[in-house]
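By letter and in written order, the chains are A, B, C and D; residue numbering begins at 1 in each of them.
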Amino acid sequence: MLGAGLIGMFYTRALHGNRSRDRVHVLYSRSEQRARECAEAWGVEGWTTDMARAVNDPDTDVVVVGLPNALHKQAVLLAAQAGKAVLCTKPLATSTRDAMEMLEAVEKAGVFHGYLEDLVYNPKMLKTIEAIGKGALGRILWTRSRETHPGPHSAWFWDKAESGGGAIVDLGCHCIELSRAMVGKDVRPMEVMCWADTLVHPIEVEDSAIGLIRYETGAIGQFEVSWCFRGGMDLRDEVSGTEGTVWVNHWLRTGFEMFTTVGQEGYLAEKAEGDRGWLFPVGDELGELGYVAMFTDMLDALDSGSVPLESFYDGYVVNACMEACYRSIGSKGWAPVELPLWRGRAGVEKLSGQRDYDQRHTLIKEERMPDGRIKLILKEKATGSIVEGIR
Amino acid sequence: MLGAGLIGMFYTRALHGNRSRDRVHVLYSRSEQRARECAEAWGVEGWTTDMARAVNDPDTDVVVVGLPNALHKQAVLLAAQAGKAVLCTKPLATSTRDAMEMLEAVEKAGVFHGYLEDLVYNPKMLKTIEAIGKGALGRILWTRSRETHPGPHSAWFWDKAESGGGAIVDLGCHCIELSRAMVGKDVRPMEVMCWADTLVHPIEVEDSAIGLIRYETGAIGQFEVSWCFRGGMDLRDEVSGTEGTVWVNHWLRTGFEMFTTVGQEGYLAEKAEGDRGWLFPVGDELGELGYVAMFTDMLDALDSGSVPLESFYDGYVVNACMEACYRSIGSKGWAPVELPLWRGRAGVEKLSGQRDYDQRHTLIKEERMPDGRIKLILKEKATGSIVEGIR
Amino acid sequence: MLGAGLIGMFYTRALHGNRSRDRVHVLYSRSEQRARECAEAWGVEGWTTDMARAVNDPDTDVVVVGLPNALHKQAVLLAAQAGKAVLCTKPLATSTRDAMEMLEAVEKAGVFHGYLEDLVYNPKMLKTIEAIGKGALGRILWTRSRETHPGPHSAWFWDKAESGGGAIVDLGCHCIELSRAMVGKDVRPMEVMCWADTLVHPIEVEDSAIGLIRYETGAIGQFEVSWCFRGGMDLRDEVSGTEGTVWVNHWLRTGFEMFTTVGQEGYLAEKAEGDRGWLFPVGDELGELGYVAMFTDMLDALDSGSVPLESFYDGYVVNACMEACYRSIGSKGWAPVELPLWRGRAGVEKLSGQRDYDQRHTLIKEERMPDGRIKLILKEKATGSIVEGIR
Amino acid sequence: MLGAGLIGMFYTRALHGNRSRDRVHVLYSRSEQRARECAEAWGVEGWTTDMARAVNDPDTDVVVVGLPNALHKQAVLLAAQAGKAVLCTKPLATSTRDAMEMLEAVEKAGVFHGYLEDLVYNPKMLKTIEAIGKGALGRILWTRSRETHPGPHSAWFWDKAESGGGAIVDLGCHCIELSRAMVGKDVRPMEVMCWADTLVHPIEVEDSAIGLIRYETGAIGQFEVSWCFRGGMDLRDEVSGTEGTVWVNHWLRTGFEMFTTVGQEGYLAEKAEGDRGWLFPVGDELGELGYVAMFTDMLDALDSGSVPLESFYDGYVVNACMEACYRSIGSKGWAPVELPLWRGRAGVEKLSGQRDYDQRHTLIKEERMPDGRIKLILKEKATGSIVEGIR
C-alpha cells in the first residue's frame, strides 16, 4: 500500500474486510511518523519510507497506489519494472501524456493493471449499468453525475503542484467515468464544454466546475463538481434514455434519516457537516462508495487472469477528457477530446427518433389529457406541417 | 382571456377558484368551435374569435394573454392601445426586440403589466427566495433549474413559426427567471453557454438543451430542459450558497406516493406517464405550479396600484438570455447577454472567500475526521504554500 | 372568532387570505389584553371578552369556535340559540354525551354547522379520498395516521380540566377522522384497542398513545399520537387496499429540503425543532394543513345551503371513538364504540378474498421469481391442501 | 445447508460471496429433484435427501438450517447430537417450549449456535443500534417495525402444519427482534397486545397483524406485518427517543429510483410488483437484508469462540413474544410474555421525565413561536396548575 492518507485507510479497511484472505503487508508513506502510526493503527505488519523497497518487497504481490496524483507515475513505473500487478487510484495521471506512458509501461511489462474508480462499482451503479445493458432505458440521451462537498481533507489536494488541478481533477474524474459507464464505454467522447471558477476558497485551482461531454451518439454527459457545497457530500447520478430514467442518490438520501439533539462524540459519515439536528448517515459506507465490489472485481480478475471492469486504459480516457475540459475553460468554447489511442467503436450513428404514425404522418407525441382523451401531435410527411389529433 | 388551450384552462380555473370575486368575462380563441366549447365548459359567459373585440369589450378590465408565443405581441399592443391592464404568459415574446417594444408600449400607455411566470410563485420557491433574502444560504454560488417532460400537448409548441423555438423557449424561460429570482434579480446576467440538440423527436427545433448563465457575481445559473424525459414531469430547483443549500422537488416527489394495480380511468397529474404501478400525484396542482399565488399577487398589485413580483421588464430580460443561448449554440462558445435596457445593479464585485485563520494564515478548510479531531487546511500568507493542522 | 390562540390566528389568516371576501368582525378572548392585541395584530375591527356579545353581534353571520375544548359546548349552544351558523374546531366536545347534545342543538335550531377537521381537507388527502372512491386501491384494509410532535404550545392542552385529555384528544381526533375518511365514513367503527402512557412529561394526561379501530368491514384504522416526538412534526398518513397503497407525508418530507449554517432569525414552520443544519420547511403551511380547502368548503356549503364534508355529526362519531379508546385503556382490552346515533350503513359484510384459479383450485398468490418464472400458490378446494405451481 | 428454497439460495449466495473462503459442501432437500437441481445451480458439490447424513457428513463443520419452521427442531437436535455448530433461520421454533428445548440441547452439547435473524444485521440497523448505544436518541420510547409484502413464495408458509402460523410467524419474528435490539435486549418484554385477521387470502392463518409489546421501561415496540401489501416489499423501521428519532427504509426508498417503459425480462428485486413504470430496486440486496454482515458475524464468532450478536436465546425470547401475541388475539386483551428463562435485567425503572425549570416550577415544554419568542409551559410544583411563560 503506497499512501497513508484517508484513501489508504479506506483501501486497507476494504481489503482486510472484504475477501478476508487479503492482507496489506507493507505500507509506504513519505513521512516516517505517518507510516509507523498508520501501519500500527490499520494492522499492517511492515512500513517504509522508501517507495522502491515497498514495491520490490518479495511479500508484495500487488502494488496499490494511493498517493497524491503527481506521484502515481513514478509508482506505476516502479511496479511495471518490478513485474508486479498494480492498482492505481484516480485520477490515473496528471496529464494524458503521462497516462498513456503508464498504460504503455504496464502493457509492455505484461502486468495486471486496475484503475481504482470506485464509484462505478457502487452497487446501485452496477445495477443501473446492468439495466441499461438490458435496454431498460432505451437509447441513452443524458447523464448527470454530481459530486460536491465542502472540500478535501488533505493539503495536497489544494496544491496544484501535487494534484494537477482542483475539483475537476479530484471529483470530475469520477463523474466522467460514470458518464462513460452509463453512455457505453465503447462510445467515443467527442468534445467537451466546461466552466470552472474559484468562488470561495483562497486557492489557485478551481473549486467549482460544470462540464458537458458530447458523445458520438449525441448523448450528453453532464458533470457538476464543487468544493463549496454545504450540507455534507452530495453524490448523485441520473441517467435518462428514450425509454426510461434512473435517479441514484448515494449519500444524503439513502433511506436512513436521524434526528438527534445530543451531538455524537465522533464520526458519523465522511464529510458530514454537523452532528445535531437531522442527519443522513449511510448504512454501509465502504459498500456505497464501491470499495467492496471494486476490490472483489480487481482481485478476482487478477486471480483468474481476466481484465477488470476498470483498467488503466479507462484512466487514460478520463485524463483525456479532463484535459479537454481545461482547454475548453481556456478557449471559452467547445474543445475536442484528443484520444491518440481509441479502442472503442468508431463512426457510431447519431441518435434520432423517427416513428411513423401512419403512411402520411410521423408521430411526434401522444399524451393523455385531463378529460381522459389521448392527444396526438403528428407531422405530415409531405408538407412538414404539424397537426393535432385525438384518439 | 385570450387563448383556449391548456394554459387558458389552468388560468381560468385559477382565476375563478382563487380570490372568488374574479371572473373571466369573454374568451377569445382563433377557432370558433373551440371558443364556444371552452367558454361553456369553463363557465365563461361570452366568447369571440375577434381578438380586438375581446380586448375592447367594456366588461374587460384585464387582458390575460394565454396565446401561442407569436401572437403575444399583437395582443399586448392591442391592450396597451385600449388602456387595459395586461397579463402575458411566458415567454413574453419571440425576440428581445419584440419584448422591448411590448415593454415600451405598456409603459408609455401607463397600463398595469404582469409577466405570468408562475413557477417563481410556487410556495416552495417563494419561501426559498425569502430564505435567501434573509441570508440563510450566504452568498449564492449556483442554481439549478430542471424542467423536463415528454413534450408539450399542443401542436404549435412544436412548430417554430408559432413558438419561436423548442424546449429553451417553452421551458428554459421558466428556468432562467427562477435562476434570476434565486441569484437576485438585480444581479446582471453577463454571458451564456448553451448546448442544444434534437435527439428524439422528428422536429426542427431543439428537444433538449442545457445552459449556463454566468452572473456578474460569478454565480452560475444552470438549466436543463427537455421534451424527451420519461417518467412524468421532472420539475426541480436547487440552489447552493456559501452557507447553505436548498433542494426543491415540485412534482414527482412531494410526499405523495401511490401504488395501484387498477389503472384509473382519467387524469391524475399533468404530464404523468401511465396510470398503474407507483404514481406520484401532486396534492394541489394549481398551487404547486404557482398559479394561485401568481394571480393573487397580480390582482392585488393591480388593485393597490403597486408593481407585481414579475413584470414585462422581467420577461424582456428572460428573452435576452434566451437569445444569448441561441447565439451560443451557433458559435459553440460563450455568448454575451445583450441588455440595451438594464435596471439592476452594475459593477457588482465577484464572489471571493478570504477568511483569515491567524495573522500568518488564511483558512482554506476545516473538517471533522473519523477519529474526531478537526483537521485544518491553511495557506501561509507569506509563501502561498498549503499546510495541514489539527485542532 | 371565538379564541385568540394559535388556532384562532391560523383560522383568521386562512379566512382573510382565502376567498378574499370574508372578514372576521369581532374577536372574543377570555383575556382583555389578548383580545385587544390579537384583534389589532390580525386586522380584526372589534373585540370583546363577552362571548355572548360576540355571538349575538349583528355583524356576526358565522360563529367560529377556536376555544379550549371545555368551552366548545357553551359557545355552540349560544350560537344555536342565536340562530347563527357555527363552525367548531376539533375535537367537537370533551364527551360523547356533550357532542350529541351539541349536534341536537344545532339540528333543532336549523343552523348550519361545520366540524373544523382541517387535515381531512389537506389537498393530498382530498386526492387520496378521491382515488379510493374511484377504486384505485381496491377494498381498504388498513389505514395509518400518525401525528406526533414535541407537545402543544398552549398551557390549556396540558391541563385535563380544560382539554378533557392528552395526546388522544389533541391529535387522535384528527387521526380517527382521517381513518374514517379513508375507510369510508359510512362504515361503522365497531371496537377499539388503545394503549396510552405518560412517558416523558410531568403531566396527568397521556403524552403517547397508539390505537386500533376495527371497522365493520374488518379494516383497521391505526393511529399513533405523541407529544414526545423529536425532530419537528411528524404528520403522515398511509392506506393500504387490496389493489394499492398510498403514502402521504404532509410535513417533514414534502420535496423541500434546506441546509443552513446561519440560524434564521425567526420562524420557519410550525413545531420545527432548531434552525440550523438540514431543515424541512413546508411550502404552503395553511394549504398543507387543509385550512384553505376547509374554509372554502365550509363557506361555499353555507352559501349554497348544502352540507359540508365535515359536520357536527362527524365530530360526534370521533368523540365516541375517543371515549372507546379511554375505556380500552382502562380495561386493557378491546372496547366497543358506543354510537347511540348511527347514520351510516349497517350490516356491511366483512372483507374476504376468494379468487378461483380453476375449477379445482383457489388462487392464494402469484409471484415472479428470480429466474423469471411465475410461481403460483394454490389451494385445492376439495382437500384444503396448499400446493405450488409454475406458470 | 438444510433447505433448498429461496432462503437456502440467499444463504448459499451470501456464504459463497462473503468471506470467500466458506463453502456449502452438501445440500439437503426433502425432494431429490430439488436437491440435485439446486446443488448444481448454486455450485454445491454434494446433495442428499437424508437430513442426518447431511448433518453427520465429515465435511460438515456447520449445519445451516433453512427449512420450513416445523423441521427446525429435528435439524437442531441432530446437529447438537453430532456436536456440530448450528445456525438456524427464523423463527427458531413453532412454540416457546420447543425453542427452550432446542436452546437447552445446544447449550448442553456445548456447540456454537446462531439465530439467523438477518434484519438486525442490516447495515442501517447496526448503525442505528450503535447510535442508540451512544445515547444519540436519549431513552427509547417507541419503535416501529413494518414488514409487509404480497405474501410468501413457498406453499409451506401458507400451511399452518408446516409454518406454525401466518404473517406473525413469518414476519413478526423479525419485527420483534428488531424492536428488542432497539429498546435494548436486556430490557424485559412484559406484555403484548395483538390484533390479527385474515382479510384477503383464502387461508386459515392470519394474513395481517399489528402488535404492541410493552417493555419494562414503558417503551412500546410496535409491529405491523401483512401478506396483503401492494407495491412490493415495505420494510421500514423507526425509533423514537427522548432526544431523537431514526427513520429507516430498507427497501422501497433507498435512493435508487428507476422509470422504464420496457418491462425487463427477468428479476429486479425480491417481491417487486411489476416491471414497468416507476420501480425501486435495491443496490445490494444481500447487504440490505443483512445476510453479508450476519454470516460474517456468525463465522467470525465461531472462529474466535465468542458469542454472535444473535443466539438461540434470542430466538427463544422471540418465540415467547409471538406466543403472547396469539394469546392476546384469543383473549382480546393484553397478554403477559411468559419467559421461564430470562437472562436480562430485572426491575428496571419506568421512564419518566421530570425536569426542573426553577425552584417553583417543572418544565413541561418550550417552543419557538411564529413571532420568534420562546414560549414555556410550566407546572407549579406547589399547586400542580399549568401556566405559560415567555422567554
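One rule holds for everything that comes next: contacts are C-beta pairs under 8 Å (C-beta built on N, C-alpha and C of every residue); 3 or more make two chains touch, one makes a residue touch a chain.
Predicted model only: the values in this text are computed from it and were never measured.
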Request  = Go through A-C and B-C and name the pair with more C-beta contacts between its chains.
outcome  = B-C
Message = Quick check: how many Å separate the C-alpha centres of chain C and chain D?
response = 32
Request  = Could you grab the centroid distance between chain A and chain C? Build each centroid from C-alpha atoms only and quote it in angstrom.
outcome  = 49
Task = Express in whole angstrom the distance between the two chain centres, defined as the mean CA positions of chain B and chain C.
result = 36
Request  = Give me the residues of chain D that touch two or more other chains.
outcome  = 137-138, 230-231, 243-245, 259-261, 265-266
Ask   = With chains as vertices joined when they touch, what's the shape: line, ring, star, complete or other?
value = complete
Note = Within their complex, chain C touches chain A through residues 230-232, 259-261, 273-274, 276-280
Ask   = Can you list the chain A residues touching chain B in their complex?
value = 9, 138, 141-142, 144, 148, 150-156, 158-159, 193, 195, 197-203, 208, 210, 212, 214, 218-220, 222, 224, 226-231, 234, 240-245, 265-267, 270-272, 275, 331-334, 351-355, 362, 364-365, 367-372, 375, 377, 379, 385-388
Remark   = Within the complex, chain B is touched by chain C residues 19-21, 122-124, 126-128, 131, 134-138, 243-250, 253-262, 264-266, 281, 283-284, 287-288
